[in-house]
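Take this structure first; my questions come after.
Per-chain residue numbering starts at 1, and chain names A, B, C, D, E and F are given in the order in which the chains are listed.
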């Protein structure tokens, strides 16, 4: 990754200040017996990196903690409150704006971060700072087209064929396919309507069947997400009067 | 690193819940023309990893953002407020406690994080959660013994021979020695007593002379810091009644 | 409504303290040229009343203000911040718990309230207080089956045939059908991904075609929502060990 | 009520944006065995409506919850903290200002709301937003002149002849005079100087003698309060340079 | 003052931990051309000292800053926000409780501190800490009986014969009677109902006529306030089950 | 002290508004068996007064409470949280700025106040308000040169020869030398790295040997601190473009 803040000096950051900035939002959260706690950080970082390449944007260091209270029933999950998460994003957004980047793009890899990301975006909008919140755009259609196994629930991908394939594409060295198990929970009628520990639903922490996962599927999913994201970014830049020429050099 | 949360599954985290947990505190901050913005994150992570190995402790994902307002005069610096930083650490500390780890050790690589780390430790102490804040213990003596160049100021090591040597030991691929310059600022009489942008003092962002840096010196510094840290951890565990046998397997 | 806090004395509240409590979440927000600013409050209150009747639950006074920043482009919208809204709900939840009601059911009539309702539910859950967040369950299927006009967008019902029909069923005296207009906005690719004023999309404030609305359709929608809600409440009570006998007298 | 936000569309709100806006502050609080929990909301709303008519002001939806911790000893009381209440009022005040109304008038019907209303007014004043806090002006003289029974204490009217008469004037259908009882508590020397549950003082929740109440007295009280309020509003508008011609059309 | 924390050692504080603790609440606020900015602190401290003597209570250091936004129109006024003031009192109350003092008595000398003192008392009550808020009890009757000049307004004593006499009794060396002037403002109809700078009402900062002030009157006022306070303290201790024998040795 | 807010009227404050303002930060904290709880307030006030004289600055009333959690193991300590302390300082700083004083100088007499003072200075800097935080500059060298006894630890002076000598110079009437004892704690390896009650280290509350203290040494220490402080103030004023002529009349 050429334009990563992790590798750039301050002088290079200054020269790149006209470019969009992308912040990956991850989590430290259980992901079944075959995947590490860092899945959401790795995936958000990987997708964000591909998007940054496509856009000529700078890639900021990924946030490795997120709002993951629903997974606290399994050890290894470390969650920020929604309020803390929103503050972190807002502070970073103010810095991005001060440096001169025309907008902040949040590339979110974890469901629990959606509400705090939107809240931070509202706070920053009130200060005149443009923020786009991306949550793997297009994923539902892509998963339907690319994956073999059935999804465990609507819009719900966790430690399954989707996430495992993407991990095989991005960081195969930390995936242990031999431990992968399938688990299809019975979702109660009030799923999503009350605070709930996912452990009530899945003892293994898997939601669906990760066994047919392949790196190839993972790459196809990532490419599709990036393609959908580019459309959102184009609309966003148009709405904010950010010219492509200004940042896509 | 065997016991890194980034690589462990939730089941492995559960099995390791009797061990101490180490959280590296980094920053995204200017470090002169020859070092990347991620220096403090890389160094805190590297020292924390070595300490975790020595202790048989688990290593948590490093926080890549910290309180760095004094460096906002240079592009590339992204700072959290002290309040946000303290909340992040406190949230993580509560999770560490819930999982069952007997204590949280903060391994801090950036000056601005000291106050929020101490504030978070106070908050957590009031909830019965034990926290130790380590700031490169022993560094002043080690720097005096190991480094050739003079330090720019008391207890002040930034983009100099200390930090550059440690980077050469841990991540030489992101160090560009050919760009290294020496700069010895004139510290005003009120240095440290008022909010101040470091850019007023050093245009290059360097404080001291990084040119004599070597990976060997860096390894010696890290080894010395870890040795000093082990003494603090031993005293800390004794004070909190944490038996070595419980975590140092 | 027999068991409405607005009409009950404190002694009657004491006698009803074993029952579930339902709090309607409304808003003061633009709803096109033919509907009043109170639509979301009226609808949430009406559905909550029907659900309370079906459950033998007590009905709390509806909150007439909600998080409606996206509608601030039209006059007449008065929005609470998400943080304020979450605090209001949490304070009420603590009172409900103190009185002895076994759980709080939020019956939400406005999109912007979802995130603060969920945040308040998380806060209350951490204090051992059970909360269920209902957002017109089953509405998408019901709207597809009952309404003639096309919806303006996915899961998006605002001043259209759905809301207007429900208003005709609950408060026809404040509906002025002669002013109703149809408007089908072009949603940009980044709709839902950034803070946005709805006025950018619809000058009239209508999203869809309210003209085929009838009170009969409204009653059918309300009946269907209540039926779906009863299933969620049953699952919720089972999960929390609240026996039907305790509250459904 | 012609100019009620509950009945107006956004276009009508836009046309009325030059008018003063009145927000009734109520509560959900015990009011003895003969009055419902909504007394303060009904009364504040009724007085605010009469004042709005007299001024040509717009009437905002009443807040049905307030700061009522002193009544938590009786079931049925649902209290917001003072901090939450102040935030709610401040958020609404900012919206009123954004729409263009020249000032916000708070018409408060509950003692506990005084401090948060004043705090919100201070916050808004610092942002250049004009707020007037009305607490039934002139009530003490009016009660002395109109009511037959003695008041239970200085400036203290709760579920007594004052409030019951006003309820008989505004909402007789929820008053059950046959249950009305008189109770004259012994106020301890430190009454008003410490946090105290009113239940320590009055088991019934009545303070005084509601039995001589009549709707006629209630109308006289309301008329007198409105007359006194008009004088305050005139002084307030003069102090803020708000011309009568601008809003009293 | 025998039992003043300012003079006691920690061992003496430990021995006195069974006694009531009195915290004077002052302000740094304009008090006309003849009185210093510290009037409220001096008076609250003096009355609190006399009360502490009478009760055998410990006297805590006076808070020299309070909520005084209404006086910011005159230079020399330094105001805390109501929120800050409430936090300060609450923190001190928690310490008083930790040490073992059975209750905290706030002796308030400044109008603006009333709301934050009451808010802090509510917060502490929720934690089981007993607090009594005293605001010069009995002052209105005493002023009527002892002072010659007319009061400027109801319950309003500022830089007038009351405060000046009390200052002559407690700290005559900082009173400059030769500069004393009388000023009787016209209070507008909305006085007390909106945020207002007192400078709009009184250019000199005096409210009433300080010229007939004498130290003798001041002593009589202080004695009367202390006598009234003792009655409140007795009721308060009875309500909280604090036996006189436990603290009045 | 000629220019003390405690003695000045608002008119005098107005005339002095071009001068620097000095705020002493104290504490209510145990100081061994021979010193009162007010040591830090007395010393900060005394040094601040001497500095104000030298600078022609105004002296604000000292804050008698500070962040002293580490001393809560001894009775008599009353601590503000760091957050509360920072808010108090920030509120005062805003008032100082509003009055027109060109800068606020914090003269801190207590270790625990350092972090909140720095945090407040950062907050105020963001609002364009200049703040200098002075912590007895030069004390380490002065103590080494003037005192006979050995210090208990690095940069750690508490109830020892330094503080006792300064008290003998400023307020000998509250020092009871006959009770003075020496105590040299064993500092554990993790001293300063974790929340710790000082009572674990010193039962008497003394750190070092106060017995050789004299008023003469105290005066020399104070003179030296003031001399060092003047250098910092000069640099600070130069950095902020505050001309000596403007304030040093």
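In the analysis below, a residue touches a chain if its C-beta (ideal position, glycine included) is under 8 Å from a C-beta of that chain, and two chains touch if they have at least 3 such contacts.
Molecules present, by chain and UniProt name: A, B, C, D, E, F = Creatininase family protein.
All of these numbers come straight from a predicted model, not from anything done at the bench.
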item: Intersection of contact partners for chain B and chain C; value: A
item: Contact distance in steps, from chain B to chain E; value: 2
item: Identity of the chain that, by mean CA position, is farthest from chain A; value: E
item: Separation of mean Cα positions, chain D and chain A [Å, integer]; value: 49
item: Rounded Å distance between chain E and chain F, as computed from the means of their C-alpha atoms; value: 27
item: Whole-Å gap between the CA centroids of chain C and chain F; value: 56
item: Residues of chain E engaged with two or more neighbouring chains; value: 83
item: Starting from chain A, with chain C taken as the next chain, the full ring order; value: A, C, D, E, F, B
item: Chain D-touching residues of chain C, taken from the complex the two chains share; value: 5-14, 17, 28, 30-38, 41, 60-65, 72, 74-81, 83-84, 87-88, 91-92, 95-96, 98-100, 174, 176, 179, 205
item: Sites on chain C touched by chain A in the complex; value: 69, 82-83, 115, 118-119, 121-122, 125, 130-135, 137, 188-190, 193-196, 200, 231-236, 238-239
